[in-house]
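Shared between the two complexes below is chain A, which has chain B as its partner in the first and chain C in the second.
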Partner chain A sequence: MTALRKPLALSLVLLLILACFFAPFLWIVSNSFKPQLGIFADVTPISWRTFLPLEPVLENYRTLFERTNILRALLNTAIVSAGQVALTLVLCAMAAYALTRIRFRGAKAVFVVILLTFLLPVEAMLVPLFQVVSGLGLNNTLLGVMIPWIASPFGLFLLKQAFEELPRDLEDAARIDGAGHVRIFVSVILPNVKVPLLTLGLVTFLFSWNSFLWPLVIAQSPDIQLIQVAIAQQGSPTQLPNWGETFAGATVATLPLILLFLLLQKYFTQGMAMSGIKG
Partner chain B sequence: MKRLFLAVLAGGTALSAVPALAQDAACTAEPVTLRILRTPGNYPYPAAMEAWQKEHPCVSFEVNEVPFAQLGDTIAVQAASDDPPDILVYDGPNTQSYAKAGILLPVTDYLPEGWADDILPATRAEHSYEGEVYSPGIEQTTVAMYYNKSLTDAAGITPPQTLDEAWTWPEALAAFKACQQGDPGAPTVWGLGPTRFGNGQPGLVYQDLIYQRSNGDPEADPESSAYKTFWAMAPDGSTVEGYLDTPEAIEALTFYRALFNEEAVAPKVGIPNAFFDGKACFYIDTPAAGSALLKDPVIDWGITPIPYFKTPVVHTGSTTIGVTARSKNPEIAAQFAVDMSWGELAYMNVSQRGNLPTLKSLFDRFPVYQDYPMKVFVDQLEHWGQPRPPSPYFAQYDRVVTDAIRSVAFGGDPEEAMQNAEREVARAMRR
Partner chain C sequence: MTAPSLDRRPDRTARQRRDTRTAFAFLAPFLLLLLIFQYLPLAMMAKNAFMDYSLLNPGAAKFVGLLNFEDMIHFDDARESLAATFLFALVVVLIVIPLGFVLALFLNSSLPARGVVRTIIMLPVVTSAVVVATMWNFLLDPSNGLINGVMSLLGLPRQPFLTSPNQALIMISVMTAWQQVGFAAILFLGGLQGVPKELAEAARIDGATRWQVLWNITVPLLSRTTLFVVVIMTVFSLQAFAPAFLMTDGGPQDSTNLIVYHIYKMAFVMQNAGYASALSVVLLLIVLGISLLQMWLLRAKWNY
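Let's look at the complex of A and B:
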């Protein structure tokens, strides 16, 4: 009896935790199918009605796509996220290679300094970043949105851990065959760190897709707005917010991330575990 | 892969090119692009801009938008750079803060003849600093109390419709209690609905500082607590000490706390749309709610003036237009800001948006404000309107006092909250 109770109790606890994580998402999706008036009618007291659209409508999605620039924002976000992933992978992999495979004085100090930039909050860097990026003429451009974040300390840390695990023999064998640094990097190192690369790509994509503050400051033109900023455009003190559109926008913005995560979650968990236990 | 990567970069760069508004008139001088930073759906509106462009064919526009909640942060970052926007459409009460910080350019020299006589006094006070006008203003707004007529009729309540019959807060509380439905603590219909301002919780200075201010007296001796209670900050903006924790302020805040606690006629948490969903008898909002209800009357509704304790008062202030001090085109930007706020162009802007104008001469051109219910807003603005305490430290004041009033709504001690708020604002002012 006791043996049965333990798994049951564990299952209940896990279900409860799952519900805590899943309920907000269910609420958002459910509200996106409720009519504008009535969305919050069943918020208190919380019941099953809160999470289910009793008379579902597609009005919020229709007006979202008709009235707002959501498709453009999705396209902009996809371009920025994909570009940021590509540039981050290239830059971090090259830096990790240099710090693990090329011996030079001060390599550890360089790595520590790069890691220390982890400690700087985005808000503290906002003004100098804006000065630099606008000084480069990249204000209000998609390149300006992505470029400050491609040198990722987290990415460097993750890939450096992975590179250090590769046996030196692989590199030595390639060198005997006459390979230089570029060939060793491209043909020997990179093919052996696919999982960390995929993990970094996914993490970077999530970060970029969900970015709000920097895209808000550097890219305000409606033509290059990103999805999170576009969703936040709803409502002001002198206009009533359209909550239905906001929930529909949040649902649309979340779906690509969920799909991507479901497709790549194996690599994501492997990579995260690897970054935690090795080194 | 390489081709794909290059295509993505090329596409991104192409998409990032910002189109300017088209111009059809001939330009014979140096072309100028005015960069405008505003919140979505805000003025200046295309019709007014195009009309102005006909007179200034060498000027084009680049309009950038950020959500209202992030406007202050964006201005703080961009104004500090070498590449600021030329025109800011910002929250009016921040005028003095921006002027003191060197963000705004004074536009006094550009104002047309007759402006000083036509502008609402509250607007002029709000947008001036050390003798200079920093924004001509375009629109004004304030809050009034909406009511669900079906619910008030069912409860046998007839809210006043004119300023001279306005309720006192105790009278309003009696109406809230009579109209509220359901179990105490968990009503199905609230007496006073939750705000939609800020994060939906009570406390915001714009809406809730008027409780304590209305328990003061602007005609009293300037050294008296009644006088200080009304102004809630020294009228010259020099100090806040002794202005927030007066006996009158504490008395009003104790009443305010009861609304959310002992009487429990108002929720502490945000419930968006509660009034429009028929879940609240009364609700405080700007003309935006009335405009929405006029277009789509989902409930039977009316407007009653904001209640008061001793002196009726409502806060004025809305988004306004200014020129950045570091604009690369200061003269044409100042001319644009002033022109957008004057005469026919101001009418075009205000009529598009649906709030009240700042120019008295334009009031007659808005039929919706000539009669009840929307006339209540005009009457309040003319007779009761006061800017939120004008000060170069308003941004800090707004944040600190909002937190203090919110803590009172959540059950905190009014005296302690206001004493702490005074100390914190005073500290910010000394920095």
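Let's look at the complex of A and C:
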């Protein structure tokens, strides 16, 4: 009997913990489908009405897309995230190739130069980074949002590890056939590291889509605004509060990433566990 | 680096030179961006910490020596902000470590709905800090928030949460812990999967209870992972920005004036970029110290 009761109690505790993680999401999404007046009316007393929109309306989403720049912000964010993923993958893969598959003088020095940047906290560099990027005339451009993060030391390390695991024999045949480094890189190495590339791409996409502080300072003009900044300003006291719109905005900003996560959970989790190593 | 057989050819030096050129061609874009966007800002920050200037007119910068650092000592803002930030980090770590560990144990056991559990606790991790902060603004609302709703359901008194100088910092710590605990659980899970099963089995055969195995074998074996998670969560917390920006404006009474928010405000709102740079140098040194500790921990040999 006790053997049965114990797992039951544990499961209940676990269920309660999971409810704490899940309920806020359910509340946000359900509120985004409620008319303005219904949102706070259902909080006390708490019932299933709190988490379920009984008569769902699309009004919040309609006004969100009509009244605000959110569509533009979503588009900007998609461009920045896609661009950052593509450029990060290319640059990190090239650098990782040089460091793992070519023997050359100065490799150690280069490695130290890259290693040291691991120690620099991004947030502490905010002010000078702003000056550098504005100095290059990239203030209020989408390129300016992504360019500081393309040369990602974390990305390089992740790929370097993957490249090192590939056996030397792999490229020997191609070399005997007279292939140069570019051809070996493109047609021998890259096809063998698809999973690490996918993992790095997903983690990069996650960080890019969710980044806030840097876009906040470097992309202020409304045309260039990114989604997180747009969401943040929506709930700000300078605007007339429209809670329904805020909930709809939060839902729209989160949904693409959650869907991507659900589809490719394994690679996401792997990448994040490895990003922990960077700290 | 002495070359093995492959390079023992007559045209060895020519080939080596060509390889070096190729390698640097492959590395050039990466290294160039690294120099421009990591090392140049670092050098500028070091210089700017000794200047008095604003971002609106950086050309009019004045050299002021150690004045910015003296200001940090003479005024209370830096000390208070750092104290709030460390307290924030401490509360986050104190919640995340035990809870993350317990969740990792669940994930490591033969639970039927393991995949669902993992997905749910990872949802906050992949959600942006902005959305989480917005979400919690409403959850913590003194009059209409869901959390006060739950509390009144349980017969507990309503709480002011973010509007109280005693509660605001705790609440944003709880929120950050809520968001990060799934990440900690995944890291702990990695550690748990590295623990050899034979040890626990042997102890069980010798008559140890589950609790004894957990406490005397599993926990000590995970000490390295635990230290690692502590360091990561601390560094992450020291760099938090969104909660202060979106939920409390650093208040009430500066109780949640996290250091990155303080730096942001000094540079971009107060237009005192020199002082902000000095604060950044201090933050950099603190994080640097912790990161070096982390590297040392990773290198150290911990024997099972």
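One rule holds in what follows: the second predicted complex is superposed on the first by the 212 of 279 C-alpha atoms of A that agree within 3 Å, B and C clash if a C-alpha of one lies under 4 Å from a C-alpha of the other, contacts with A are read in each partner's own complex, and residues count from 1 in each chain.
The criterion applied here is as follows: a contact is a pair of C-beta atoms (placed from the backbone, for glycine too) under 8 Å apart; a residue touches a chain by one contact, two chains touch by 3 or more.
From a predicted model like this one, the values you see are computed outputs, not experimental measurements.
Undergrad: Considering only the touch criterion stated at the top, classify A:A232 as touching first (chain B), second (chain C), both, or neither.
TA: A:A232 contacts both chain B and chain C.
Undergrad: Look at A:G38 in the shared chain and tell me whether it touches chain B only, chain C only, both, or neither; answer first, second, both or neither.
TA: The answer is first: A:G38 touches chain B but not chain C.
Undergrad: Is A:T254 in contact with chain B, with chain C, with both, or with neither (first, second, both, neither)?
TA: second
Undergrad: Now for A:Q131: first (chain B), second (chain C), both, or neither, which partner does it touch?
TA: Both chain B and chain C are touched by A:Q131.
Undergrad: Between chain B (first) and chain C (second), which does A:D223 come into contact with in this model arrangement: first, second, both, or neither?
TA: It touches chain B, and chain C stays clear.
Undergrad: Which partner reaches more residues of chain A, chain B or chain C?
TA: The larger set of chain A residues in touch belongs to C.
Undergrad: Would you mind listing the overlap between the chain B footprint and the chain C footprint on chain A?
TA: On chain A, the overlap between the chain B and chain C contacts is residues 40, 43-45, 126-127, 130-131, 213, 216-217, 229, 232, 235, 243.
Undergrad: What residues of chain C sit close enough to touch chain A in their complex?
TA: 1, 3, 7, 16, 19-20, 22-24, 26-27, 29-34, 36-42, 44-45, 48, 55, 58, 99, 103, 106, 111, 117-131, 134-139, 144-146, 148-150, 152-153, 178, 182-183, 186-187, 190, 228-229, 231-232, 235, 238-239, 241-242, 245-246, 260, 263-264, 267-268, 273, 276-277, 280-281, 283-284, 287-288, 291-292, 294
Undergrad: Which residues of chain A touch chain B once you look at their complex with the stated criterion?
TA: 36-41, 43-45, 75-76, 79-80, 82-83, 86, 126-127, 130-131, 134-135, 139-144, 146, 213, 216-217, 219-225, 229, 232-241, 243
Undergrad: For the complex, which residues does chain B have touching chain A?
TA: 5, 8-9, 11-13, 15-16, 18-19, 37, 39-42, 62-70, 73-74, 76-78, 80-83, 141, 186, 196-197, 206, 267, 269, 271-274, 276-277, 279, 286-289, 292, 298, 318-319, 353, 355
Undergrad: List the residues on chain A that touch chain C in their complex, please.
TA: Residue list for chain A touching chain C: 14, 17-18, 20-25, 27-28, 31, 40, 43-46, 50, 91-92, 94-95, 97-99, 102-107, 110, 113-114, 117-133, 147-151, 153, 156, 180-181, 185, 206, 209-210, 212-213, 216-217, 228-229, 231-232, 235, 243, 246-247, 250, 253-254, 257-258, 261-262, 265, 268-269, 272-273, 276, 279.
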